[in-house]
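Both complexes below contain chain A, partnered by chain B and then by chain C.
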Partner chain A sequence: MGQKLAEKVSEPQWLIEKRKAAKQAFEVELLPDRVSHLWKYTDPAIFNPQITTVESVSEIGMWRYSEPGVEVLHILDGIKKYEDLMREKFGSLIDNKNLKLSLLNESTWVSGYFVYIKKNKQSDDPVSLTMSMEKLKSFYPVRNFIYIEDGVDVKLVEQVCSQDEILSDVNIVTEIFLGNGAKLDFINLNMVGNKINYHLIQRANLSAQAQLENTFISLGGNVSKIDSETKLVGEHSVVMVSGIVLGNEKQRFDHHITVNHVASNTISGLDFRVALKDSANSAYTGNLKIAVNALGCDATQKNRNLLLSDNAKAESIPELEILTNDVKKCSHGVTMGHLDEEQIYYLMSRGFSDKEAEKVIIEGFIEPIILKIPEHTLISGQVKSRIEQKLNKG
Partner chain B sequence: MSELLTIKDLHVEIDKKEILHGLNLSIKEGEIHVVMGRNGSGKSTFTNTLMGHPAYKILKGQINFKGVDINNLKSNERAKLGMFLGFQYPISIPGVTVVNFIRQAIKVLKGDNISPKDFRKRLYEKMDLLEIDYSFATRYINEGFSGGEKKRMEILQMSMLEPCFVILDEPDSGLDIDSLKLVAESINNFKKQFPKTSILLVTHYQRILDYIKPDKVHVFLDGNIADSGGPELALELEKRGYDWLEKAQVSVL
Partner chain C sequence: MTLDLNQDQEYKYGFHDTENYTFKSGRGLTKDVVLNISKMKKEPDWMTEFRLRSLDIFNQKPMPKWGDTKLLNEIDFENIFYYVKPTEKQGKTWEEVPKDIKNTFDRLGIPEAERKFLAGVSAQYESEVIYHSLREDLEKLGVLFFDMDTGLREYPEIVKKYFATIIPPEDNKFAALNSAVWSGGSFIYVPPNTQVEMPLQAYFRINTENMGQFERTLIIADEGSSVHYIEGCTAPTYSSDSLHSAVVELIALKNAKIRYTTIQNWSKNVFNLVTKRAVAHEGAVVEWLDGNMGSKLTMKYPSIYLIGERAHGEVVSVALASGSDQHQDAGAKIIHAAPNTTSVITSKSISRNGGRASYRGLLKVHKGATGVKSTVKCDALMLDANSRSDTYPTMEIYENDVKIEHEATVSKIEDEKLFYLMSRGLGEDQAKLMIVNGFMEPFVKELPMEYAVELNRLIELEMEGSVG
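Right, the complex of A and B next:
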């Protein structure tokens, strides 16, 4: 399947070989077993689609766009234009953790974006990339690549969306490279309809003094799984991961966030907030690794869960793998609870009905993360109305 | 002036323990009543019962507000009738800014669609009176506020929401003398602006009554009003302590 498409768009030989190898490996590779901790909470078979109609995402926003220092291309055009860079880097961050599903992506991807931010960038405007799925019963394998040169800073807002009735599967793999002292403020918005199975593998690699603000806003999907790993390979690099999950009806979310402190004096912070209505379900795993030679690191994580119904269920699994004795700080905290009755009473004493009070509290709970979306934009309006719709339902 | 609030034979329990035992009280439009009493005498049970806290259960008796039996009304329905409770321990709502909180409250209470500009102007005027820094407008309500800041924030809400019946549960506790004066002056200003508004002020100390002149003072003892009188009763209490009243009760019995 992958090979046929590849030939059609005349891919470079090395890529054709890569796809061929991935396809062969995919066919013999088994789905990960449920015992491995990445798959304890979600059946991987959900993401191995039986659908064979492969589709490209529709591109909305700033695709195929360039201005001084900012280049946004279709991934294939990026591969062709920057072939040397891509031969070296493309796929280099993809490990074997999620092998079957990354092989599936590697052999079949047909769309995705390529973002290259260069030192001569002038504009401070955020770059917005929206991927829309518009066909019923299709499989959307998407491959993205972000490369940011030394010392540049940029904000990227990535949105994956679809109409509510679209029943399809999506498998996204995104690689992010940050040069020395580069800064990326990255927002991933999962706004797909509630019938889509959403699987995202995201890998980021930070050079010395690079900073990544990585925000996940997960609202959509039937089953949504995110497997994100940031490697702090350069000294004094920093990653801050924040996320919200707002689940309703029977939605399932499974977020697996790993930060790997490879170099010394690196800093990470995780703040993940989950609010669940109806019989929605969430598993959050926050995995902090500090390598044996990574000295003086600072790693904190918080996971807060708000259960809004008796049938909603949240699991929180903080994991610490610290192989060094020299740690500046390493902490984690988890809270799990229902709405606070005293907060509801306080709000009701000011005139809010119990439903309105509940809404105010949930909006407040997710507000610090929502604030990261650039205000007064089309996207912030869309996110707000989706949240509104989810909170008002039921 | 007509009756605003009439309470008859009020019995209230929490966690299956009766706290208020047959309380009677009536407050007329425009009056200021002060409730004093020891810790545990039932003052907060009383204020929370008035505001409709779901944990407090009315066993017997009646609360009539503006001619409506409010025994079974929810807190928000009472707020819509014009009741307001300034909390003894104001609750923080993380992620909700002061400005949004008050604006939304005005909207649900009055359906007002005051323009954001006019709203801010009014808010800043009231904040000036209470010497609250404007930066508080965009802070999350009560989150990380000091005790005194929380108390002033309650008064700010009162003056923005313009209720016709204000219950203030120890607005003076934890305040230094300057803050106490500010809070008291704001209450007086509000009263001057809305002379028909009635106030029920719960306090431990006579001090706030140097600024606010009550029409009536009631002393709580073991879940009921043990004595009522004019402002002189507060002075007497300050001088002689609650023991005096307790002994007086015993001697009457």
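Right, the complex of A and C next:
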């Protein structure tokens, strides 16, 4: 399948070889076992679709940029235009952790973005990468490659969306490279319909003094799984991960966030907020690693869960693996609970109905993360109306 | 005071006596070995069948795929003695206890401890309890405190009613192993509304190279009663690996209270793979105090099933991982299965000299368990750059009317604290020791005084070599 598509668009020989090897490996590779916490709560078989119709994410959603220093291309065009760079870097961040599903992507991907932000960038406007799915019963393997040059400061919004009735599967692999002192404000926005099985592998690599704001806003999907790992390989690099999950009906979310402190004096923070209505359920599994030679690191994780109905379920495993004692600070915290009755009582005494009070409290809970979306844009409007719709339902 | 940084602390109780056994099963585990154990103990048929069924389960279960799998796979099940019986008869009084065994206990300080405060000594030397004294007042209260074999012989109906109901052999591979070859351990039954004021105590000890210890403890606190059980163990140092795999079951009936204290100080060649679990009925309280100082690899997660309304569970655990040949994988599990139940987990770990300390825990709230409150707190102190600390907490919450908090921190000895203490005239090693002692305080303060003193001495001994 991969082979055929590759020929059609005349891929370079090395890429064809790569796909071929991935396809062979995929066929013998077993689905991951459920022992480690990565797949403890969600069956990986869900993301190994039986659907054989491979589709590209819609071109309509793609915004082409022609401004100086900002190169946003179809991934294949990017591979052809920057072949030397891509031969070296493309796929280099993909590890063995989630092998079956990354091989599935590697052998079948047909669309995605190539983003190259250069030093001569002038505009401060956020760059939007939209991936829209429009066909029923299809499989969308998507591959993104994001490369930020040294010292560049940029904001990217990756939005995945579909109409409500679309029943399909999506498998996205995104690689992010940050050069020395580069700053990226990145948002992954899951706005797909509630029938889509959504699987994302995200790998980010930070050089010295690079800074990544990595935000996940997870609203859509039937079963949504995110496996994200940030490697702090350069000294003084910083990653701040934020996330919100707003689940309703029978939605299932599973976020696995790894932060790997490889270099000294690196900093990481995590603020992950989960609010669940109806029979929605969420698993948050985190892994915070500090390597033997990574001295003077500072790492914190915070996971908050708000269970809004009797049938909502939440699981949380925030792991720490610390291999050196020379840590500035390393801690994590988890809270789980329902709405604070005193807060509701207070709001009701000010004239809110109980439903309104509940809504106001949930909005307050997720607001710090929603604020990261660029204001007064098409996207922020869409996100707000989706949240409104989810809160008002039921 | 100057200390040699590379000085290796000789194991404190690393002496051992000449072996003198009347029966030693062959190495390895077969159906015959299991049948022999059961026959020798003249057990009822149901127990023999239970052992054989457990053996099948043990053979079918794969090794765990989680935890320190590298170390776990070093265990050679074929090279272990599964049963050793030291003497034919159980000593009735201290005088009747064989001399060489008594010597060992003398050196552990048991007689003094008994004189001072102990209600009963159940000293497990090898696989069977050989000495057991119950003070008269305990007997008057109707409290049963025996080794497990005697318990089974004399109170088969109580044993049959509760045995393996909390930890069935199907639970895990090592529980199955214990169920097949168990020997010794304690059996305690406290009648309704009876308060046992003094702690009950047992010492454990491994003495034969390559010999496994598979003791089995069952404690039942009937309605409204209370009991505190202390288990402490030390073992002589040997060259090849020993396996210790105990099963401990606690049952706290309505409004009963059980506190179970363990201080584990196995020598550094022992695999300590223990299953400990308690159920707390309505209004009952169960507390595990769990100190892990020794062994090569400890995997132990004392658990509490809160199955009655308003039951309370508490686990305080400390672990000291010292040296690159030691991994303490300890933690706690609490399962809330009834409304208005509460729990607290406090875990403290110290890793030094390349040691690895892991906290692995589970907090689960079942649907319908409304009004649950739980706090989980894990603190880790790392004393040098090549040590390792892991935290693997799991929370599964299936009820919304709950209040759950979890916090974990990993830190080193802060320079400011050290500076402050040194500015008050303390040497650096004294200052560090004081900080470490302060860190362990929440555990130590819960122990009976003798134990607290001994534990402080142990920490001091362990800390020499690392500070200075």
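What we mean here is this: the second predicted complex is superposed on the first by the 390 of 394 C-alpha atoms of A that agree within 3 Å, B and C clash if a C-alpha of one lies under 4 Å from a C-alpha of the other, contacts with A are read in each partner's own complex, and residues count from 1 in each chain.
Rule of thumb we're sticking to: contacts are C-beta pairs under 8 Å (C-beta built on N, C-alpha and C of every residue); 3 or more make two chains touch, one makes a residue touch a chain.
Values in this document were obtained by computation on a predicted structure and should not be read as measured data.
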Overlay on chain A: chain C relative to chain B, clash or fit: fit
Chain B versus chain C as contact partner of A:381, first or second or both or neither: neither
After the two structures are overlaid on chain A, angle v-u-w for chain B, chain A, chain C in degrees (C-alpha centres, nearest 10): 80
Residue contacts with chain A in the superposition, chain B compared against chain C: C
Chain B versus chain C as contact partner of A:295, first or second or both or neither: second
Which superposed partner A:151 touches (first chain B, second chain C, both, neither): neither
First, second, both or neither for A:322, with chain B first and chain C second: second
Partner chain(s) touched by A:333 [first = chain B, second = chain C, both, neither]: second
Partner chain(s) touched by A:368 [first = chain B, second = chain C, both, neither]: first
First, second, both or neither for A:68, with chain B first and chain C second: neither
Smallest separation in angstrom, by C-alpha atoms, between chain B and chain C in the superposition: 15
Chain C-contacting residues of chain A that also contact chain B: none
Residue numbers on chain A that touch chain C, as the complex places them: 33, 35-37, 292, 295, 305, 307-327, 329-338
Of all residues in chain B, those that touch chain A in their complex: 51-55, 74-76, 78-80, 84-85, 87, 90-91, 93-96, 101, 104-105, 108-109, 140, 157, 161
Contacting residues of chain A [partner chain B, same complex]: 340-343, 345-354, 356-357, 360-361, 363-368
Partner chain A, residues of chain C touching it in the complex: 65-66, 351, 367, 380, 382-412
